[in-house]
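Note that chain A is present in both complexes that follow, paired respectively with chain B and with chain C.
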Partner chain A sequence: MNRIFILTPLIVLLIICIFSLVYLLSGKDPNKPPSALLNKDVPIFESSSLYNAKDIIKTKDIKNKKTLINFFASWCSPCKIEHPLFFEIRKKYPELYLLGFNHKDPTSDAKKYLKDDGNPYDFVGVDSDGLIALEFGVFGLPETYLINEDGKIIYKFMGPITMDILKNEIEPLL
Partner chain B sequence: MSSLVGFFSLVFAIGINFYLFLSRYIFKFQKQKFNLFIRFSSLLTLLSFFSLMYAYVVSDFSNYNVFQNSHSNKPLIYKISGTWGNHEGSMLLWLCILSIFSLFFSFTRNIEDNFQKLTLIIQAFLHTLFGLFIVFTSNPFLVNSILVNEGLGLNPILQDPGLAVHPPILYAGYVGYSIVFSIAIAGLFQNTDDEWIYVAKKWSLISWTFLTGGIALGSYWAYYELGWGGWWFWDPVENISLMPWIAGLALVHSLMMVRGEQAIKKWIVFLSILCFSLSVFGTFLVRSGILTSVHSFAADASRGIFILLIFFIVTGFGFLVFLLKEPKKSNALNLLFINKVSALVINNILMIIATLTILLGTIYPIIIEVLYNKRISVGGPYFNATVIPIMVPGFLLMSIAPILSWQTNKIRNSKKYVLGFITLSILVLIQSYFLDFNTWGFVGLLLGFWIVLASIIAIFSSYKIKINIKFFKIINPHVAHIGVGIAIIGITCSSVFQNELDFNLNEGDKFNVNGKTVLFEKIEIINETNFQSLRGKFLFDIEKNQSKEIEAGKNYYPVSKMITSEAGILHQWNKDIYFILGDQKNNEWFVKVLINPFVSFIWLGVIIMMYSGLIAVSRR
Partner chain C sequence: MKLSHFYKFLHIIILSFVFFTFKIFAVENIDERVKKLTLELRCMTCQNQSIYDSDAEFSNDIKKIVKNKLKAGESERDIKKFLVERYGEYILFRPLMNYNNIFLWSFPFILLIIGLFFVLIKSKGNKV
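This part shows the complex of A and B:
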């Protein structure tokens, strides 16, 4: 009886460790909650171009084509890291529509950023008050969404995309 | 350069500790030499830590860690505290404190040589484990691959004097339990006399006092910095610190009990292992990023797995030794219906149940996510509904426990207590009838006041009042309990009787708070060296000549593009008036005012508890 009592902590320890290990190995990250928008319709949005305020993009403009939406800002250093990858995507998948949303950024800063680092996007929408990001459930910059021809979000990635992620997760969907 | 010095002294220190650990089995040597090695390795670890701090102070951005977490514009104090304001540096601080404890322990006299040596060997083992963790997964001395002349800045919410000292104090508590752990394991191995219990008592009191201070500082910081008006949120990281705190409380009480009874030794060993295990578990949960909280650092699975392994080894080793080398059978406990021993046993059981309840609530989301792939969060409602009722009988018992007898069921002066309790119940009942009645408010107030009253009755009826150090040492248990009582009153009032008022205001508006007129004077924007502050200025009680000025607002940190809220708090002895400046909409500012009664009592209670912790350390 007494022995069983003393064994309890070891058993509890084992259970805690097994669960924690499974959790860690499953690659789950509590800071990155699963998106509720996955496999749902793309939220309705309307945004003007960074370069021409009269040039407007709406949800229906991206119907019938695969679209990659990327939220970025000039002040976001991880965005800078992933930036060159969009040129790769651009080159490899010319038919993919690249839509960038410039998030809470002064226009001049954003323009300078895209001038210095290059502009890989087909369209740069302004999201100065962050309302579009709110609709998309953006958690932190950068964030990238893949939308299929039916206007459904089929993939979402939080944080800077890398070569690995591009190869293993995004390309199979393209 | 400083990075190089830091890294090599860190590695060298780990090497020495590994060597010392092996010395248990192979290269044996004398105690003198052994102590010399331990002290030398401690100094090396300190050197390593201070070279990191130096890199922060001089803003040496060739160090990747400094580059990531510091900025040359920061005030000196935040450059220093930046050393531990990040994952890598805080782990180095952890190791550094472990070393300091070993260093002090190596100077302890009055313990048997072999016992001291064995304890230090276990410390060396822990040092090696955590040292390897730092070197392999969290090296703070990495060289920056690019040449930069400016850093990325410290998380703005960490730029606060209270938070600058919170981690070192909290860690001193967590890591202090390592010595208690090592002592208990050494005690199991040697199984000699019970001298180690007195040694362990001192160290567990020191750790517990530090832990109390660390938790209180963190909680006070959350109160004025997070701007939610509360001081405890059952945030996972708060729970993690609360678990070793409660277990440590049980340990301290059990160690006191040893003076009268011998049978509790096994239980003490169990608690000693448990306290440190919970500390390491907490480190694991925070450092692996497995839980979301205000403390989240960048998550990294390899780090998580490494520290989980350490947790498994340390805890598994501890409990395995406990299983195999169980302390000898000792005489049975002298359990009566109500004597000191039974009261302490009941309290210990309650504390352990409370600890396990918190543990369950904290890891439950992990278990559910693994099993069902669903995300849930366990928060305040669960903990309030489970932990508090478990603690209530303990609090009730606590009020009279110090005056119970060891050997008999009798309570001296029992009439006085009964009379006191009845009078107090009636008074509190009348008070809560006239204010709005609330069950928890009633229970909390009654308990708090009763603990204070019973302790005061005990002091006056059991001892001759003298003003000298010896007297304060004798009444120390009662003083500690008065601290708890005062804290309970503060906790009850501030959470149950909190009052919230919302306003939409223009500059120059007057509004009414608690019967006093408040003027919303103006909004001011000031540029400070490393942030821009937006402040709403309020004049409280303008009808009086000495109206008080309150500033509430936000800080904007351009380097990290973050906004922090800065609550404006008017402290009065019986209440805090807590102003939060919200957003501006349609030219009106949203202002929230919280009236938190008796918050100051919580901090007062904590200070009393810490004071008596320190007094108890000096008492044999």
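This part shows the complex of A and C:
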């Protein structure tokens, strides 16, 4: 009987340790929680083009086509790091629709950024007040979303995309 | 005649006072509610800080949204639901009471029951 008294707390402690270890080894970063919108419909949005305010893009415009949505800004240094990769994607997957959302950026700065570094996007929407980012659950730039033909978010990445992420995580979904 | 003018004036003064008092009270009340709610929300871009305590851009945006929604008459529950739908449960410091979190909420009580059970058995054993 005494053995049970000694062993029970140890067993409970062991179970807690195993749970903690499994979580730590799962590679989950607590600072990068999974998106609440993953496998859900793309949020409803409407945005005007950076280059022509009359040119509007809406949620329904990206239906039936695989879309890569990227939130970026000229003031965001990590965005500059990943920027060249979008040209690679553009070249390798010409059928993929690239939609950039310029987040809380003065229009002139955004235009200058895309003129200097190049514009890989099919459409650059303006998100000056950050409300589109809010609908997507963005909390830091850059963030990238992959939307399938059914209009569902099938992938989300927080931070700058690297070649490894592109090859191992995004390309298998394209 | 003069007295009636005085009463009218007094009436206006009192009504204005009441109106502005209510107005100030309403603003303070909203601010208090914003504080209460944002203290329960996690700043996603900070290290273990509430949205209320943080000055990060993300937190300031959420504070604005919470304030606007409270002003629009939305309940705290609706606002939390709105945020959880977009940012996940991670944005809440206190996990939701739902089926997914049942183990999390019930585990301390399970431990307590196991502990009490052993204490009971031990005390009975000591009596014998």
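As a working rule, the second predicted complex is superposed on the first by the 149 of 174 C-alpha atoms of A that agree within 3 Å, B and C clash if a C-alpha of one lies under 4 Å from a C-alpha of the other, contacts with A are read in each partner's own complex, and residues count from 1 in each chain.
Just so it is clear, a contact is a pair of C-beta atoms (placed from the backbone, for glycine too) under 8 Å apart; a residue touches a chain by one contact, two chains touch by 3 or more.
Just so we're clear, the structure is a prediction, and the values are computed from it rather than from any experiment.
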Partner chain(s) touched by A:L96 [first = chain B, second = chain C, both, neither]: neither
Contacts of A:L134 with chain B and chain C, given as first, second, both or neither: second
First, second, both or neither for A:V22, with chain B first and chain C second: first
Greater chain A contact set [chain C / chain B]: B
First (chain B), second (chain C), both or neither touched by A:S77: first
Partner chain(s) touched by A:I6 [first = chain B, second = chain C, both, neither]: first
Touching both chain C and chain B, counted on chain A across the two superposed complexes: 33-34
Interfacial residue positions of chain C with respect to chain A in the complex: 44-45, 58, 61, 65, 84-90, 111, 114, 118, 121-122, 125
Residue ranges of chain B touching chain A (in the complex, touch as defined): 152, 270, 273-274, 277, 281, 284, 288-292, 296, 299, 301, 304-305, 308, 311-312, 315-316, 319-320, 322-323, 326, 363, 366-367, 369-370, 375, 561
Residue numbers on chain A that touch chain C, as the complex places them: 1, 4-5, 8, 12, 33-37, 43, 130, 134-137, 139-140
Chain B partner contacts - residues on chain A that touch it in the complex: 3, 6-7, 9-10, 13, 16-17, 19-31, 33-34, 75, 77
